[in-house]
Structure formats: C-alpha cells, structure tokens
Amino acid sequence: MIAPPEINWLAILPLLILGLGAAAVLLVDVQWKPLPSRLNLLAVVILGLAALGTGAQGWWLSRREAGEVAGSPLPFGGMVVVDRYAIFAGLLLIAVAALGVGAGARFFESLGRRAAEGLALLLLSTSGFILLASTTQMVMMFLGLEIGSISLYVLAGFSRQEARSEEAAIKYFLLGSFASAIFVYGVALVFAGTGSLDLLEHRTLLDREIILRPAVLLIGLGLVVVGLAFKVTAAPFHAWAPDVYQGAPAGTVGFMAALAKVGGFAALARVLVTGFESYVGTWGTVVAGLAVLSMLLGSFLAVVQSDLRRLLAYSGVAHAGFILTGVVAGSSGVGSIWFYLAVYAIQLVGAYAVVAAVSGAASAGSPLSSYAGLARRQPLLARALTILLLGMAGIPLTSGFIAKFGVFQDAFRAGFGWLVVVAMVASVVSFFIYLRVIVAMYMQEPEGTEALLVSRPLRVVLVAAIAVTLVLGLFPIPLLRLTAISLPL
Amino acid sequence: MVELIVFALMAGASLTGGVTVIRARNPVYSAMGLLATLFAIAVLYVLQLAHFVAAVQVIVYAGAVMTLFLFVIMLIGVDKEENTAETIPHQRRLALAVGLIAAGLGIALVARGRFSWVPLVVTPAGAAQTNGTVQALAEPMFTDWVLAFEATALLLTIAAAGAIALASTRKPILSRVPPGGETGPGS
Amino acid sequence: MSLVVTPGWYMTLAALLFAIGALGILIRRNALVMFMCIELMLNAVNLTFVAAGRALGSLDGQMAVFFVLVVAAAEVVVGLAIIVAIFRRRQSASVDELSEMAG
Amino acid sequence: MLTALIVMPAVAALIVALIPRRRAELFLPIGVTVSMAPLALAGYLFIEFTAGEPGFQLVERTMLYAPWGFSWYLGVDGISLPLVILTALLVPISLAASVAITHRLKEFVMYTLLLEAGLIGVFLALDLLLFFVFFEAILIPMYFIIGIWGGERRIYAAVKFFLYTAFGSALMMAAIIALAVLTGRETGTPSFSYTDLLDLSMNQSTSRWLFAAFALAFAIKVPMFPLHTWLPDAHVEAPTAGSVLLAAVLLKLGTYGLVRFNLGLFPQASVDFVPIMAALAVIGIIYGAIVAIVQPDLKKLVAYSSVSHLGFIVLGTFALTSGGLAGGVVQNVNHGITTGALFLLVGMIYDRRHTKQIADFGGLQKVMPAYGAVFLFTIFASIGLPGLNGFIGEFMVLIGSFPSLPVHAIIAAAGVVLAAIYLLWAYERAFTGVPEKPENQKLLDLNLREKMLLAPLVLLMLIIGLYPKVLLDRVQPSAEAVLDRIEATTDYVAPAPGRLSQVLLIGEGE
Amino acid sequence: MTSLLWLVIALPLASATFLHFFGRRIGEPRAGYLATLAVAGSFALGLGAGRPFFSGDGQATIVKIWEWMPAIGAELVITWDPLSVLMTLIITGVGALIHLYAIGYMHGDERFSRFFVYLNLFVASMLTLVLAGNFAMLFMGWELVGLCSYLLVSFWFTKPVAAAAGKKAFIVNRIGDLGFLIALMLIFGAFHTLSFEGIFERAADVLSSGMATAIGLLILIGAAGKSAQIPLYVWLPDAMEGPTPVSALIHAATMVTAGVYVIARSAPIFELSPVAGPVVATVGAATALWAATIALAQKDIKRVLAYSTISQLGYMFLAVGAAGHIAGLFHLMTHAFFKALLFLGAGSVIHAMADEQNMDRMGGLRKRMPVTATTMAIGTIAIAGIPPLAGFWSKDEILGVAFARGGWFSVLWIVGLVTALLTAFYMTRQFVLVFMGEPRWELEVHPHESPRVMTFPLVVLAVLSVIGGFINTPFRTALEHFLEPSFEGVNLAHPPEGWLMFAILAGLSVAAGLAGAAAAFFAYNRPADLWRRFEEAFGPLWSLWRNGYRVDDIYGATVVKPGLRLAEEAAFSFDLPVIDGAVNGAGRLVRTVASRARAMQPGLVRSYGVLFAAGTVAVLAWLVLRGA
C-alpha cells in the first residue's frame, strides 16, 4: 500500500498562502464584487501573510540550526528546501510583488472586474518564482518557472486598449515557451547524464565520481542555463525583453521584470552553485561570456533608445550581465548576487512605477520626450527616478554601488579580473543612459504642463525604493551581512 | 527484433509527422502531423514499458490538447493554405546555419567517441523497476512527488484565470477611452 | 549481429524531433503552427525523459513526463487565449505582422 | 573631528533643505553661514595639526565590514591638509559669489554643500573603497551644477565631464578591487586600508597594470594631455561656483591621487613610469599654454592655463625629489587659490556683461579699476611672479625637478614665458585701452561683497608667496616620507640634491 | 645697523602699501612726498649701515629675514657687502630724486598716488634684487622689477600703445628670465643650493669650465633681457611710453642695470669659463654700437635716450664681460646720474611742450628753460665722455680695460671708441635740436620752465654728473678699494697702468667724443631744411636707423606671427578636431555601433528565435568543447 505522504506545512506555508490567496481574491471578487482598490489591499495583505509565513520558516530554520528543533530542511522527499537562500528569495519576491501591487495600483483599478484575475495572477506568479527559488529538484524548478512565467505572459497581454500589449504577450509567450522547452530538455539531458533530478544528488555524485563522457550532462546543463538566462534577460537571450517591457501595461512591467529576474537568478545560481560547482571551470567562462555580451549589448543598445521602458529593459540586460559577473564567482558570489538582486529588483519596480505614473498605468510606450522637464511638472517623480537611476548606475552612496562593487569583487577574487574591467567599461557606457534620462527631466523644458498625480500607493513604493537606494547606500552593512549568510543548502 | 521494427516504424512516423508540422501550408495539416507524432511517441512509450505515460499521452495530448488546437484553428478560421515563403531576409539561411553547426557539433562529438547518451553504468537490478504501470507510478506520485502534483493546481488555476482574463470581452469600469471612442463588437 | 534498440536510439530520435520543433519555430510565421512546434519539442523532451529513465532504471523519468504534460496543457490554454485575442483585433495569426515594437 | 568635517557640510545641506521653498531669499545667506562651520573646523584642524610630522594625524578608524576589509578610515597628513582647508575656504566663497543664480537656488546651495562633503571626504579617506566612494560621489553634484545652472551647451559639457571622469575611475575601481583581493590572498584578510596596502608585495606586471589604472583615473581628473578636453567645456559652461570648485579643488583630486596612491602604493611602478608621466606633464605644460594663447573665451583660456599649470604639479610629483614633490603639493594649493580667484573674477564680469568673450571687453581697467587691479594681481600670481604664491610652487617644481629630470625641467620652464604671454595678452585686450563699447562704459566696479570674497584669496596669495613656511612645514615632511618609501622599497635613489637633507642651507644670519 | 637692514626694503614697501590703501585720501602732493621720504629713508639707512665699508673695515654680512623655500635652499636673506651697498645707494639716492621730480611731473594725473605706489614698489623690488643673499631671492627681485616695469610702462593704460609696450617689456623680459631660470636650475643641480656663499665659495671646486660656460651664457640671456641687450633689447624703446620719471628710474638708472649687477655678482662663475666673459663683452660691444647707430636717427626725444641707454648698457656689459667689474659698476653709477638727469631733463621738456616728444617740433628752448637746458648740457657732456665729467672717467676705464685685455678685446675696444664718437654725435644732435636754433613748435604751445620740485633733482643730478667721476680716477681709486672685498678671489681686469697709456687712451676717446660732438653741432646748429638735407644724404641708411633696423618687424614676422599661427593651429586644427574629436568620436562610435546592433532587434519573434537558437548553440559548443 502506498504510505500517506508526510506533509510539512511550514515548508509550503508561503506557497499555500499565495495559492489560496489567489483563489481567495478570485472568489471574493465573484462573491462581493468589491472595488478594485480593496482587492489591491487584499493582495497586499495576502503577500504580508506570505511574508510572515516565510519569516516563520526563517525562525524555524534558526532554531533548527541552534539545535532546538529537529526536522529535515528537505521535506516532501526533497521536493522543496527550506534554507536561508530560499527564505531570502521568498522575502525578496514577496517584497517585489507587494511593491508591484502598489506600483500597479492604478492599473489594477483601471481593470475593473478583471482586477481580480490580474491580482490573482500576480500572486500566483510570485508563488511560482518562490517555488523556483526554493527547490533543488529540477522538475519542480520547471514547474515553478512555468507557474511564474505563464502568469506573466497573461499579465503582459492584459491591456485591452493597446494592441502593443497583445504583441508583447505573444512575443513573450512564444519565446518564453521556447525557452521553457529548452530548459526542460536540459533537465531531461541532465537526468540522462546523472540519473538524478536533484541538484543535491548531482553535487554528491560529481564530488564522488568523475564522469568520463560528460557531454550529455554538459549539454543539458547548457540548455538549463540558456533557459534561465532567458528569464533573466541575459544576452543573447534578451531580445524579447525590450519589446515586452515596452508593450506590456506600464503598471505591470516593474514586478514582471523584477520577479523574473530574481527568480531566474535564484534558480540559475542554485543550479550552478549547488549542483555543478565542481564544473565551475567549464561553465565559468561560458557564464562570463554571457555576462560580457549582456553588459555590452545592454548598455550599448540602451544608448540609442528613445523609449524609457525600452531603455530600462536594455539596461536590465546590462544588469543581468553585471549579476552574472557575480555568478562566475561560484558559491562565494552568492551573497553579492543577492545584494545586487535585492537592490536592483526594488529599484526596478520603483523606476517602472514612475513610468506608470508618467505614461499612464495601462499604456504601452513611454517616449523619453514625455519626460522632458519632469522636474518641473512633478518634482517628486523626477527626484525619485533620478535617485533610482543613479542607484542603477551604481554611483557611490547608493546601494547600487555596493551591489556592483560586491559582484565585481567576487568575480575578481575568482580570477575573472578581465571580466571586471569589461564590466567597468560597460558601466561607464551605462552611465550615459541614465544621464540621458536625468538630462531630459532636469535640463529640458517640459512639453505639457499638466501636473501629474502621485497616488498614495505609488508614493509608498517610491519612498521604499528610494530608501533601498539611499539608506542601503549609506548603511549597506546590515543587508550585506544578511545576504552573506543567505546561502543555498 | 520486434522492438527494432516497431521503433523504426514509429520513428519514421514521428519524424514524418514532425516534418509535416513545419512543412504543411495548411495549419490543419500541421495539426494532423503533430497528431501522428504524438501517437507514434505513445507507441514508443509502450515500447519502453511506460504504459501509463502512453495512456496519458493519448488521452491528454491527442485527446484534449489537439482538440483544442483544432478548435482554435476552426474558430479563427485559418484552416486554409497560407503562404510559407520566407519574408524575413536571411531567416532561413541563418536558421539552417545554426542547425548545421549544431549538427556538426553533435557529429563531431559522436565521431570522436566523446559522447554517450547515458554515461553512467546502470545496475541490472534497477532496470527492472522501470515498468511504468499505474501502480508503480502511483507510489512516487503520492509520496515523493506529491508536492509537484499539488503544484500543478497552481498552474491550472493560472491557465483558467489567464484564459478568462485574456479572452473575456468584459469591459473595464474605468475605461480611459472616451465614450464613443471605442468601436468594439460590444457597442 | 543483432541490432538492439538502446535508449540512445530513442534519445537520438527525441533530439531530432526537438530540432525539428525548434526549426519550425524559426521558419513558420503562423502563431498556431509555432505553438505546435513547441508541443513537438515538449514531446521530444518527454521521450528523452522516458528513455533516460529506462536506461537508468529510474521511474523519475516517467514521473517527470506527467508534469511536462501538465505544463504543456496549461501553456496551450494560455497560448491559444492570447492567439484568439490577437486574432480578434487583427484577423491574422501571423507573428510577422507583430513588429510594432522594435529596436 | 575628521568625521565631523565630512558630515558637517552634509548636515549643512540638510539644513538648507529644510528652509521652505518660498523663502528663496534665505537660501544663500543661510548656505554661506552654515558653510562657515566646516571652514571654522578646518581652521581648527590647521591648528591641531602637528607641523613637522610626516605621518597621518587625527586618525579615525572603524571597521565597517570585515569580510571586505572595508573601514571608516580617515586621517590627514601634510599632503591632504592644505587641500582640505582650501576646500572649506572656497565653498563659502563660491556660494557667496553665486548671487546671479536665482533659478532653483535651493538645490544649487545643497549640491554645492554636498560637493564639499565629498571633496573633503576624498582628501581624508584612507580606505581606498571609501576614497572611491567619495571620488565618484562628487561627480553627481558637480554634474548637476554644470547641467542645471550652466551655459548654453551645459548638457553636453556636463555629460562629457561625467562620462570622461567616470570612465577613468571605472578602471581605478577595478584596480582597487584587485588590491584588496591581492591583500586578501597574501594575508588572509582582505583590506582596503591604505596603510595595509602599503605592505602588499606585487610582482612587476601587476603593479604596473594597477599603477596604470590609477594613473589613468587621476590623469583624466588632472587633466593631463591628451585627456584634457573635458575641462575647457566643463569650465566654459559651468556657473561661477562650479568653475571655481572644479578648478580649485576637483582637479586636485588627480594630482593628490597621484601622490597619495600612485607613488604610495606602487613605488616601483612609479619609478618605471616616470618617463611617460613626466613627458606627458611637460607636453601638457607647453601645449596647454600654447592653446591658451588664442582662446577667445576667458574661461576657456583659464581652463587651458590649468592644463598647463597642473602639468607642473605632475612634473614635480614624478621628479621624485623632495623639492619637486613638495613643490607639487604646494602648487596644488596655489593653483587652487589663483585659478579659483580667476574664475571668481570672470564670474563677476559675466554677471555684469553676460559674456566671457575677450573681444567683447576692452578698457575695463578704466571703468572698474579695483576689479582690474585684483584681476591683474591674480594674473601675476598665476604667471608665477615671485612674492606671490604661484612662484613658490613653480619654482620649487622646476628647481626640484632639475636634478632628476633636467631636460623636462628646462622645457617646462618655457611654460613660464608662455603663461605671461597668454595672460597678459588677454589682460591687454580686455582691460586696457579706452572702453569703446557702450555696454562696457557703465559697468560698476567691485562692490563690498565681491571685495570681501576676493580678499581672503588675495591675502593667501601674498602670504604663501612670502611666507610659504606655513605650508612647507606641513607639506615637506609628508613629501619626504613619500620619497623615503620609494627609496626604501625600490632601488631608486633620489639624485644628489633631491632631498632636503642634501640641500645646503647656507645663509643663516649671524 | 645691519639688523635694521630689512627696513631698507620694508620702508618703500610699507609706503607702497600705505599709499595703495590711503593714497587717494591723503591727496596729491602729500602722497608723493611720503613716497619720496620712504625712499630717502632707505637711502639714509643704507648710508648708515654701509658706513663701515666706506672706512674699509666693513665686514660682509648676511642677515636672515625668514625661511622661504628650504627644500631648494632658498631663504629670504640680505647680503650686505660693498656691492650691495653701492647698488642700494644708487637705487635709493637716484630713486629719491626721481620720486621728488615725479611729484611735479605727475601733477594733475588722476592716478597720482597710484603712480607712487608703483614707484615705491619698484624701489623695494630693486632693493630685493640687489640685497638678495641667494639666487632665488634675487630672482624674486628680478621678476618684481619686471612687474613694476610692466605696471609703470602701461601706467597710462588707456593708450593702447602703452599697454602693449608694458606687455612687450614683460614678455621679452620673461624670455630672458627663462634663460636665467635654467641657469638657476643648473646652479642648483651643481651646488645643491642657491645661496651665494654656498655657490661662489665652492664654484672653483664644483664647476667644470663647460658647466660654468653654460651657466654664464644662460645668465647672459637673462641679463640681456633685463638690460636690453641684443637680441632682447626691443622692449626698451617701446617702454618709453611710460611716464618719464619711470624711464629715468627704471629704464635708465636702475632696473636695466640689474643684468650688469647679476653678471658682476656671478663673477666667480664667469671667471671659470673661458668663453662666457668674452661672449658677454661681445654682446655688450655689439649692442653699444648697434643702439648708438639707431640713436643717431631718432626723432623722439625719449627714444634717443632709450637707445642711448641700450648703448651705454652695452658698455657696461663690455666691461663686466672683460672682467672689469669695477669699471662696469662705475659706469653703472655714473650712467645712473647722467642718464637719469637726461631723462628728467627730457621729461621737463616734454612737460613744458605739453607732451610733445618729437624733436622736429622743438628747438630754441634754451631761453625758455634755462635750468633744464643747463643741466641737460651737463648731462650731454657727461655722456659724451668729455673730461672731467663723470662719463669720461667711467667710459674711459671701460675702454682701458678692453684695451688692456688685448686680443679679441682690442676689436671690442675699437667698437667702443666708435660708439663713443657716435654717442657724442647723437647726444649733441639732440641737445642742439631741442635747445638751440629757432623754435619749431606750434603757436599755441607756450614752453615754460618746470617747477622747483622738478628742477631741484635736475640740479642735484647735474652736480653728481660733474663730480661723480672723481670717485674712481686713475689717480684715486676709491671705488675700486671700496668694491674689492666683493670680488675677493676674482681676477679683476684693470686698465693699463701708467700715465702715458692713460693719456693716449684718454686722448683717443676724448678726441672721438669731441669729434662727434663737433660734427653734430655743425650739422645741426643751422636751419631745419639744411640739417634735414644732411640726414637725407645718408639715404636709406638713415631710415634704417630711424626704424631701428626694422628689428620689430623682423621679430614680428619670424617669431610673433608664426607663434600665433602655431597656437591657432594647435587650438583649432589639433585640439578641437583631433583630441577632442577623438573623445567625441568615441561617443559617436558607441552610438554607431549601437545603431547597427539595433538591426538585431527588428521586432520579429522569429528573428529573436534565430538569435536565441544561435546563442544556445554557441553556449553548448563552448561548454562541450571546454568540458568534454
């Protein structure tokens, strides 16, 4: 007879809360038809609960490490893992989602009855990426990836008014599915090469034995990396990102980009570090190559963009390259990657929140010209965007600098000095990108004069993003310490 | 020997089906090609003792998914010949080049004896375990894999909610379009 | 000389199917057909899983197939919904016409 | 105390931020007032500082993040002390000189104060990461100062300034990381502390590469030929306060960095790079001066003169002699004072006439005698007239460089002649003759405020020119210490009179 | 007394400072008197402190003021020895007289007190120069007098010529200074100090003759700049645009002699070189003749004197070059008297003629301005070398030294003799054109004698020009005795010994002087059309002289114009398009590359797919090639 499975509720608490929460949002909508703003609030509450759940996991983990409670960190037959890495990822993803609700508040409100679906998809997407980050089992990863991504495909096409929104959706969907297929084929080949689907087992196996003809394993690993590189918009798998981020409703782009990036990098780093660190000599240069390509392509192409969202998307490509710089450092780079991701993800949400406020929440497209003289029209937005852009540029005294510095330092320590030099050059080129926007906002005359409204949720998002940029820029130590211990099992 | 013959037939069928998918001018034919491939693969599953998987393949894929495909083809009315001439410059050539490089890489690997599909040594005891009966699969499904199984619930919720959200024609409350500006089917 | 059908044969077949699917995505412009190609690729993956599982003496391969299948199904639902939405507006399923955003 | 020096301007900026926007008339007075606090503290620092000590004083050191070896590590020595004081002095002056700015005045005052915090931080930081943070952070306020309150092509100039200097510092950051990583490998604990890095042993090629990375960053900042073209643009477009601080302090980051970091951290590479650096310095001296001759715009002229003058500093630095090094450091200060004053003066005439083209003036001496007098005085200080400050630095550099770099020193001396040509010719065209243009005939002479602004600078030009001991007593030991280290760690030996102890101090009174 | 020596410099400096701030307030004549008093005070101090030297028991002293630049061995120290005493007394003595004169001359100028600020500052600077105990401080004075010269030449800055002249003076001087500066570098490199004692006492041990030559020639360049010798004399004639007291003080009596002073001061170095001295002497002699010929044809009363100054400075160079330092300094002194006198006299004339400087429009002034005419006559006789006036004794000593040295110096001696003739000619010409004959001025000009405050200095200087020579005659070598301690260890050259030689040489030079004077008198003491015809007889040569051999034009065409062109090319054909172009080009390159790269993003899913697939294959290839 099949023994009933043992259920470790704590390990899946955040997923449960988010999944049930998504259902709850849909049901509440059907039952009571509340105002969309109430639904926004509900979503935030659910995310808050999920954060509490994740916190509970952290509390449990710390007690377990202190020897106070027993229990495996790998419940469900190793299908999920409760480690600091997963907990940090979870908290970060939830934070991004919560800020995303704030940034997209106006968008969701404009959706009317469809708001419930939008918010539910947001919650489900979050849960998917949390799952992606908190498993070592590759099929589970695939599931997490798909749960997260498919929701985003839908959200990309959520706008009714804009034809571009649908274009974004189909592009995202087709290429995303293509990438997923590649990813899962990679999983299959890794399975063929190692006989296991679990990264921890891969690690044990590779530590123990030398595989004589690892080609199939390497191809599999390569395909997995490609699949994840797609999600994090690393070049040359980035091509979709500018189109999608330009076409998708402005209110959704921030968390759309940030969630995928955080989740993708969490998985990528876990695969490479936990499972295949013994092959670092092999994949290191490949990842470094992707990093170079991303940094250069991203920053160069961003230079010639005339749409802020495309510009941010390309800069995101460059940022993916910068983070990959940390990935090449292997396990010693994980802390820096987390710091970078944490800072960048929140800056990203903040920046797109400004885009949503300026260009309209449901809009597709946000030409730079509409940002001319923003400092005059709405100083708060201009100042916020400036700070966030400077943070992204990695100017000292912003957290972006610490982030960049961290990954570069790790890469250097891992022997990738040349990569750091390329990265520095790319980051100078990327300065130009951000300066262009700042020039437009501060040093040019506005086109229109109508004042822009800054809603309360937006204000909260901006304050949070600015705080992350500036406070962590001046006092990065606590987060540095936290990220330094947020290591995978 | 039987396995060889069946494999050869089914391999041929699946490849033919696959080529049909990408060659047929009429999407309906493409769908048919895909169907053939799916069936052939189901047979290959059986050949490898993956009985339950084969059954699911037929039911879910051939039954549900392909039906959906055909339904949509009919719904949007693209069941006609279409022009498959390439319009993007260099597209085919580039695609071919990439394919050739990949093939060359594979051939080089195999030719130099650096390739093995399954590099690990398999214990004979293990091989017997792969008889994919319903019972054999049920045990992991509801023990180790139970979480994955549950996770599919999220996926299906998304599918449902997403399909509704995308395809529904409900109008937003706070339309940014001024009255009369939008001329949709509802007006 | 007896020809034994090893798992490698299946996996080679799967690789070919995967390649055909990938090629299809590159050369077909009908979103529906592209979509079918993705299904083709996922099927190739499944075949690989089963063959590898058999070669390794592990049932995990077959287990994985179910979940790939579910994902495929979910993708189909969403993907077709998107295609329908686009078709409503444009009366076309050609992705080549969707290049408003570029650069 | 050093921490307070850095924090104070930032707090001052905060105070200005708290003034309500409608009280626009308060921004400048309060800004100037609060910026007096760092000046007072800097004055106190000058008193507290023990002259004659070569090492770092008033050191503050707190480990911030041990895994990186990143600490809050401040200290001041004879090389940085004068620059800190100069910064603290020039900020109130340039703020008070900015009465012409009416648009977004509050931000302007805030940016200037933040700039001050960054500049002081750069000079005090002894942790390389901290140094880099300040080094790069000052770009932002300066960028806005040029970009918002600048002239017609301000955006081009601001972006060029930012990107050019950022490009240099980017490679320096890579080098800084490399240093920390190398110490980590050597001692097991990575560290960004200057004093820890001094003990680092490097092979030749590593140290050369790292030297080059640092040198590039600083050479752009200086700016050395051929990396100088951002400077004229930035100066021409920047508002007065921006130009003053840019010329007087920002450029000094480069020369300061060369002494502190290049010579300090890479002694062997410094010795190896002397031919290149010295050659570029001399080319800069001559080239900058020649190009300055024909500039039609006063600010551009002064900008190119900066290229020339800073060449002297670099030459002195890489002469690797006591006189050259000390002269270089002194020239840092002198150039800051004189060029600062020149830009203030140009700003004052610009406020009146809204042009900086030499051709638009003529006969100003007649209508603005006091202005003309101060201008001429400053010109002579800049030319290096003995008795004024410019001479001390230039003369020490030239005489001090001669033992080690005779040919360079001789060629560089020609720069002294060229300086007289371009500055006096400009003066002749702008100030002498009869004011013919009607708009020049009614110009008002310096008012009391402007005189008050210029007075401290003029006074300093005289004091340093006649009694440079106030500076030299503090600079010389630190400069000698740098030289000591180079001699101790390499087989370089300073040529015979290259050190103070070898100089015959005959001339004691009976 | 020596402890108060710093006051010698400080007094005029303090006066300058005071007048700078309060000059306008204390009003016109008082500011001038204060300034004069300050300089006179310095004179008195110098006299007091120098007394021991007069009696022969003075000890050379070094007085430290304060530390200046220890790293290069440069302190602010005063050297107090006979040489500096002599220079101090000349500067302050003549200076005080000229200050006094200027009170009258500058009467009514709106920047009256400012003029005295500069004048005082000049005296302080000049004293710094001659009192300096090391080369750094000397250089400081050297440059500061240049500054004052600049300020005073372009005192009337609203006249573009004046402004340009000041600038020219400063820049040409700077070119000379460059040589001097390089000399200082060589000295520092060789001696490890810039202090006089450290240098001169060890010079023989430290310097090779080659090095000594190099240093000597570089000092010569500096001296040629300051003392207006070939090829750097071009600034001095232009400098006549300054007020006349300035010309008298700076461009006749003091500043321009700084070069002579420096060479004399550096005698121990020059002695070590077989070449440097003769070169100096040759430059001097050449300049003397060259300038004298130019002076022949000048129309401007001050320009005659300017070229005369250059010529006379040439004599001094000839002397110090021939190691006749004392002869050179002697001439320096007497020249200070009579040339100051001549300039002041010329100033008096210009003053009287309402700023008319062209001698063509003068004539017959003798009756209107008797004091000026008389004193000018004395000055003319003195400079013409007619005994027993001062010029005779000093010039004769120089010629004697040259003659005594023999060899190449004999040639220089002949040049000197010819110059003496020319000098007498042009000075007499000037006197005749100005004071004798018929008036040629316009009717509205009413020449009158200058006020007392101006004529008093004239008289004093005239007296000095008469008696000044007796300080050092072959019969009574007081100056030589006085100065000798300053040239300890230096091989001084002397005129030939003995009565007969003196008589022959003196006879020759007096004959030359008389001949020149007589020729000029007869050529010019007749109606204007006649002497004009006389000048025309010389043809193009005369115009060449009148235009100073067109040296300014030549310099303009060969140095200034190409220099400007070079600067323009550098700035507008190189800096902007090439260097800055490269910078902007880098930016453009990024844009171009980026624009090209945009082609990768045509917005078509399938293109992205190809990119994707290609990337995948590349990743796989790389992995497999590296790992398997």
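Labels A, B, C, D and E are assigned to the chains in the order they are written; within every chain, residues are numbered from 1.
Quick note on the criterion: contacts are C-beta pairs under 8 Å (C-beta built on N, C-alpha and C of every residue); 3 or more make two chains touch, one makes a residue touch a chain.
These figures come from a predicted structure and were not determined experimentally.
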**Request:** Could you work out how many touching-chain steps separate chain C from chain D at minimum?
**Result:** 2
**Item:** Separation of chain C from chain A in steps, with touching chains one step apart
**Value:** 1
**Message:** Measuring between Cα centroids, what's the chain most distant from chain E?
**Reply:** B
**Message:** Farthest chain from chain D, going by mean C-alpha coordinates, please.
**Reply:** B
**Request:** Specify the chain with the shortest distance from its C-alpha centroid to the centroid of every protein C-alpha atom present.
**Result:** D
**Prompt:** What whole-number Å value describes the gap between the mean CA coordinates of chain B and chain C?
**Reply:** 4
**Request:** Indicate the whole-number Å distance between the mean C-alpha point of chain A and the mean C-alpha point of chain B.
**Result:** 28
**Item:** Distance between chain centroids, defined by C-alpha means - chain A, chain E (Å)
**Value:** 78
**Request:** Between chain A and chain D, tell me the centre distance in angstrom, where each centre is the average of that chain's C-alpha atoms.
**Result:** 44
**Contacts with two or more other chains, residues of chain C listed in rising order** = 11, 21-22, 25-27, 29, 34-35, 51-53, 55-56, 58, 60-61, 63, 67, 71, 74, 78, 81-83, 85, 95-96, 98-103
**Request:** Hunt down the residues of chain E that sit against at least two other chains at once, touch-wise.
**Result:** 587, 598, 601-607, 609-610, 613-614, 620, 624, 628
**Message:** Where in chain A do residues touch two or more of the other chains?
**Reply:** 139, 143, 146, 150, 153-154, 157, 169-171, 174, 178, 182, 192, 195, 213-215, 242-243, 304, 432
**Asked** Where do chains touch, given as pairs?
**Response** A-B, A-C, A-D, A-E, B-C, B-E, C-E, D-E
**Contact footprint of chain A on chain E as seen in their complex** = 587, 590-591, 593-595, 597-598, 600-601, 603, 605, 607-609, 611-612, 614-616, 618-620, 622-624, 626-628
**Complete:** The answer for chain B against chain A in the complex is residues 109, 114-120, 138-139, 142-148, 151-155, 157-159, 161-162, 164-166, 168, 170-177, 182
**Request:** State the interface residues of chain D toward chain E in the complex, per the touch definition above.
**Result:** 160, 163-164, 226, 228-230, 287, 290-291, 293-295, 322-323, 326-327, 363, 365-366, 380, 385-387, 391-392, 395-396, 398-400, 402-403, 406, 409-410, 413-414, 416-417, 420-421, 424-425, 427-428, 431-434, 466-469, 472, 476, 496-497, 500, 502-510
**Prompt:** Contact residues on chain A for chain B in the complex?
**Reply:** 2-5, 12, 15, 19, 22-23, 26, 36, 76-80, 109-114, 117-118, 120-121, 124-125, 127-128, 131, 137, 139-140, 143-144, 146-147, 150-151, 153-154, 157-158, 160-161, 169, 192-195, 211-217, 360, 362
**Prompt:** Which bits of chain A are touching chain D when the two form their complex?
**Reply:** 390, 395-397, 401, 405, 408-409, 412-413, 417, 420-421, 424-425, 427-428, 431-432, 435, 438-439, 442-443, 476-477, 480-481, 484
